[in-house]
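Below, chain A partners chain B and then partners chain C, in two separate complexes.
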Partner chain A sequence: METTIKKPSVFTAMGAVFKKEFKIAFRYPTWFISMLIWPILLPLGYVFTAKALSGTDTSSLVSFATLTGTSDYKTYMLIGTVMWSWMNSILWSFGTSLRVEQVRGTLESNWLCPVPKISLLLGYSLFDMIFSIIYIPIIVLEFKLVYNFHFVGSPLLALLVLLVSIPAVYGIGFIFASLVMWVKEANSMVFLVRGMIMVFCGITYPLAVLPNWMRNVSKFIPITYSINALRAVITEGVSVGDIKSEIFILLIFGAVLMTLGLLAFNYTQKRVKSSGSLGQY
Partner chain B sequence: MLGYAIEVNDLRKEFQVKKKNEHFWKKKNKEKEIFVAVDNINFDVKKGEIFGFLGPNGAGKTTTIKMISTLLRPTSGTIIVNGENVVENPIKALTNIGTVLAGERSTYWKLTGRENLEYFAAMHGITGKKAREKTDYLLKRLELDKRADETVEKYSTGMKQRVALAKALIAEPNILILDEPTSGLDPQSARNLREIILEIKEEGRTIFLTTHYMEEADQLSDRIGIIDHGKIIALDTPQNLKNNLNKTNIINLELDNWTEDVLEKIKEIPAIENVTSKFNENTQNFEVKVHVSNGSETVSNLITSTISSGIKIINFRVEEPTLEDVFINLTGKSLRE
Partner chain C sequence: MNRNKIKTYMMAIGAIFKKDIKIFFSYRVNAILSILEPIIWVVPVYFLSKSFQIGGKNIGFAQYTGTTDYMGFLVMGSIVSSFVSAVLWSMGFSLKNEMDAGVIESNWLTPIPLWVQLVGRSIFSLVSTTASTLIVAFLIWLLFGFSISGSILSSIATLIPLLIGLYGLGFGIAGLVLITNNANNIIDITNATLNMICGSEFPVTVLPKGILAVSLIIPLTYGYDSIRGILLGTKTLLPIHIEQLILVLFMGISIYLGIFILNKVEKYCKTIGNIGFH
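Moving on, here comes the complex of A and B:
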């Protein structure tokens, strides 16, 4: 018998993965509650620490303001923690997506479909991104209600910073997803990466307080630039011209990390095909 | 070439395995050992036939299936599926193949049967109305329609296996590849599934299946390749495989006791070819199977040797050869060992 099956396009496959992930995610939505509470809880400790240190009189905020350009330390910290959470969630959800399929036993079923395997990962990132787009306004609203978070600058410019961060962030995600499928263990790697980001990218403090060598390390982490640019936009209301070097650097990071991500994925794909570890867990 | 759905030439798969008892401080032991899972096999599957791959656990069946389905890269050799080299053009090859791997976890348990099929349809480029129609058809066809909108985790093992089969059929592949399709199923579900497999063959599809159940291989296959330790040791129709044994008599003894001494004694009798035994938990007796290459003279020798060792013969049967006997004749061991 002869059939004329055409292989699906990458976009069809991405769409299918997106739809499937969406259904699975919203079939058991209890996690959603923790997604709503977590962004409020996470900065709480930092905010209270800052409050305790600065006391009731505002004089101690002066040094903070000279280092950061703002005395709104709450907003300052919120931006850091949100970026850190974003990275963290990409590592946990997107970065472990292939591994989760592997443990479920469905990775091989997907590998049996006549599509470029990268479409699986692309579908996951589409789901992740659309999810973030819905999630961000919710967080901003929550912050407004709980922390009296307020924008000095343009929300659209802040969105632009997030957009230009996407290639770099997902590039790290691609590398991570490939490594995890291969090494078959995510926990220690997630802890390492997010620990580095927490310390080096200044999620609750200005980089100026870091010793020199640490500041040098932070230059090689793209999130540093996202956080800097976002803070400048939101708390100081700078214009696009003031953050153009950050935007430029983020795009370069994006190109490099995306390329590395695709290479890592291809390499992993070859490796698991010859070692037979695609389906093992 | 037109007559073949799958052509396998000199196919070999080596795995690197870490040596056990390896001491990390001894540098010399660091080299990895190479294990040959599939050892230069050759076979062709004709269009429209059911080709059975029969062999014990660890023989290399799954490894072969995964190489044909592009999940594993062969160390050497070629696989042509419908004229397409699977290593050079995996995606093209995959449009012709529907595969069900062993185990029950190949579909999404948190999706319904219907959602699973629609997902895999899309992953084969079938979307919209066409996907819904095919899904409906397969759900009905595999008797899943009544529970199509329940999540797969609530299905029985037999139903899960049928969803996996439906998934493999969703793009109407020319070739269906099944790895141990009935393993883990209760006898009734297994029987159902075998009937379905025969129906699928009637539609004109080629089926390549593996099994370690000889009855299943016998019942389903047009031709059988017997594989052991990564090598194909026989390949023919089930009837021919058994006919080749027709000079051999197969004798089944049920005994109340069995010892190494008796085994040695029996093996010394001329014209005795193979002796295998197993203990039956239910009857608490030993079932001993003996292949004898000539007539009654040997049989009386066999009985005398057994009785003179003080062993009671509870039952005695001469049997038609089965594929199990073919396997024993080729390897000297039972399929289940």
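Moving on, here comes the complex of A and C:
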């Protein structure tokens, strides 16, 4: 007698990946310490470097204020580093998720499950998104306590900028996960991509100090627009009308990068299957 | 320690070195990244310094350090930081890699003490760091320009006790990795915090008093400070020879404490049997 087994849905697989990630997170408690420490630690170097560059009489701060429109270098850098940290965590999460399973020898067995393979990545995304929702208020609170962070504009508008950035950021994550399956080297790839973002997107400095060709490259990275919009909202208190071009560009980036991400993952999936290189590392 | 033992240890270190070379060149992106990554970290700070310049010079920075050459200051800091990272990551992270790959238990069954295995794992890392540091410094000099006015030999003589002292810290970190079964976070935070508060990118005199007090009791601070003092002629916290003496003392104490902690942790892990867990 033939028995038919119902295929699990994408959501069941996503839920299973989410549950697994949740368990692993609680298995390594030092992860929570780093979650609290990194948002403080990362901008610290830039903030003190800026203080040293300002001089004892803050004469050099005038140059910075002329270029950026603000002498509050702390808030300026905090916004840049938060966006970079978000992108960094997506790259690590997507890049290492499949790679770690490759190294541990569990990727092939997961690949044999009768579920769409994209559900694995979607599961990681779900975990990451819920983590970010909890994480953002913690970061804001820490900034308030440690750096006396001033929020001039509307927090809801800042949240909107983050929301419209999600498709672009996760699209990059999907492309990145596919790339790591090809190159088989997650760490180096994360260092390279996050480094490009750090150099070109004006995380800690105004884009005006970049040479022209670098400024042109920065226009093709969505994070540049997220940072600009967030700085305008948080430090200048602009309205939604003032950042509508940034929002529009981020939505376009989101649609393009998400499509490219899904296509890249599907192609990679077929490619590693036919070449039999899924478990190789 | 008798001669046969030393010979055996050297053979083990040689074998680990050979294995690390093979692994390094199996992942060629690594080799390219070891050159690109330090430049990637330096570039944003270079542009940050540009946004504070008056007439193309970092006048404000000179008020703290005695030099307007921020790039020179930064490059010297990056070089020392690279060696700090090389020691910490090669010791702690390699243990985690072996846990994940399932070979740590078999390695521990060999008659080679753990500290020798750890030293072996750091050798290739130090060699590759030295090579990449020289190339990176040259590239940064070409791209951004900086000038060295002091004795390179004297700065190397200062770096050596600092590096040996860092091995002690590396042993301690390896112990922590064995207890927590986690490497990334511990090493990342230790490495970044040390580099940060000891002045890899800025003079520690800009730190608030509380953090400055912590910075001044960490010997690494004097490593950064004296090497910059020798090579760039910057204002130093203490006379350079006193800072060098602090580094020599650090070397002795750190190695003794590091090996002591590692032996205790090794014994503990063997007793409870958690070596292969991850």
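By our rule, the second predicted complex is superposed on the first by the 269 of 281 C-alpha atoms of A that agree within 3 Å, B and C clash if a C-alpha of one lies under 4 Å from a C-alpha of the other, contacts with A are read in each partner's own complex, and residues count from 1 in each chain.
Keep this in mind: contacts are C-beta pairs under 8 Å (C-beta built on N, C-alpha and C of every residue); 3 or more make two chains touch, one makes a residue touch a chain.
Since this is a predicted model, take the numbers as computed values, not measurements.
Novice: Looking at the overlay, what does A:116 touch: chain B (first), chain C (second), both, or neither?
Specialist: first
Novice: In the superposed arrangement, which partner chain does A:28 touch: chain B (first), chain C (second), both, or neither?
Specialist: Once the two structures are laid over each other on A, A:28 reaches both partners.
Novice: First (chain B), second (chain C), both or neither: which does A:51 touch?
Specialist: second
Novice: In the overlaid three-chain picture, which partner chain does A:8 touch, first (chain B) or second (chain C), both, or neither?
Specialist: Once the two structures are laid over each other on A, A:8 reaches chain B alone.
Novice: With both complexes superposed on chain A, which partner does A:275 reach: first (chain B), second (chain C), both or neither?
Specialist: first
Novice: Tell me which partner touches more residues of chain A in the superposed arrangement, chain B or chain C.
Specialist: If we count touched residues of chain A for both partners, the winner is C.
Novice: Examine A:20 and indicate which partner it touches, taking first as chain B and second as chain C; both and neither are also allowed.
Specialist: Only chain B is touched by A:20; chain C is not.
Novice: Going by the contact rule set out at the top, does A:104 touch chain B (first), chain C (second), both, or neither?
Specialist: A:104 sits against chain B and chain C alike.
Novice: In the superposed arrangement, which partner chain does A:203 touch: chain B (first), chain C (second), both, or neither?
Specialist: second
Novice: Which chain A residues lie in the overlap of the chain B contact set and the chain C contact set?
Specialist: 28, 104
Novice: Given the complex with chain A, which residues does chain B contribute to the contact?
Specialist: Chain B residues touching chain A: 15-16, 63, 66, 69-73, 91-92, 94-97, 99, 101, 103, 105-111, 115, 119-120, 122-127, 151, 167, 171-174, 203-205.
Novice: In their shared complex, at which residues does chain A touch chain B?
Specialist: Counting only chain A, the residues touching chain B are 1-3, 5-9, 12-13, 15-16, 19-20, 23-24, 27-28, 104-106, 108-116, 270, 273-276, 278-279.
Novice: Write out the stretch or stretches of chain A touching chain C in their complex.
Specialist: 28, 30-31, 33-34, 37-38, 41-42, 44-46, 48-64, 67-68, 100, 103-104, 183-185, 188-189, 191-192, 195-196, 198-199, 203-206, 208-210
Novice: Taking the complex as given, what residues does chain C use to touch chain A?
Specialist: 27, 29-30, 32-33, 36-37, 40-41, 43-45, 47-54, 58-65, 70, 100-101, 180-182, 185-186, 188-189, 192-193, 195-196, 200-203, 206-207
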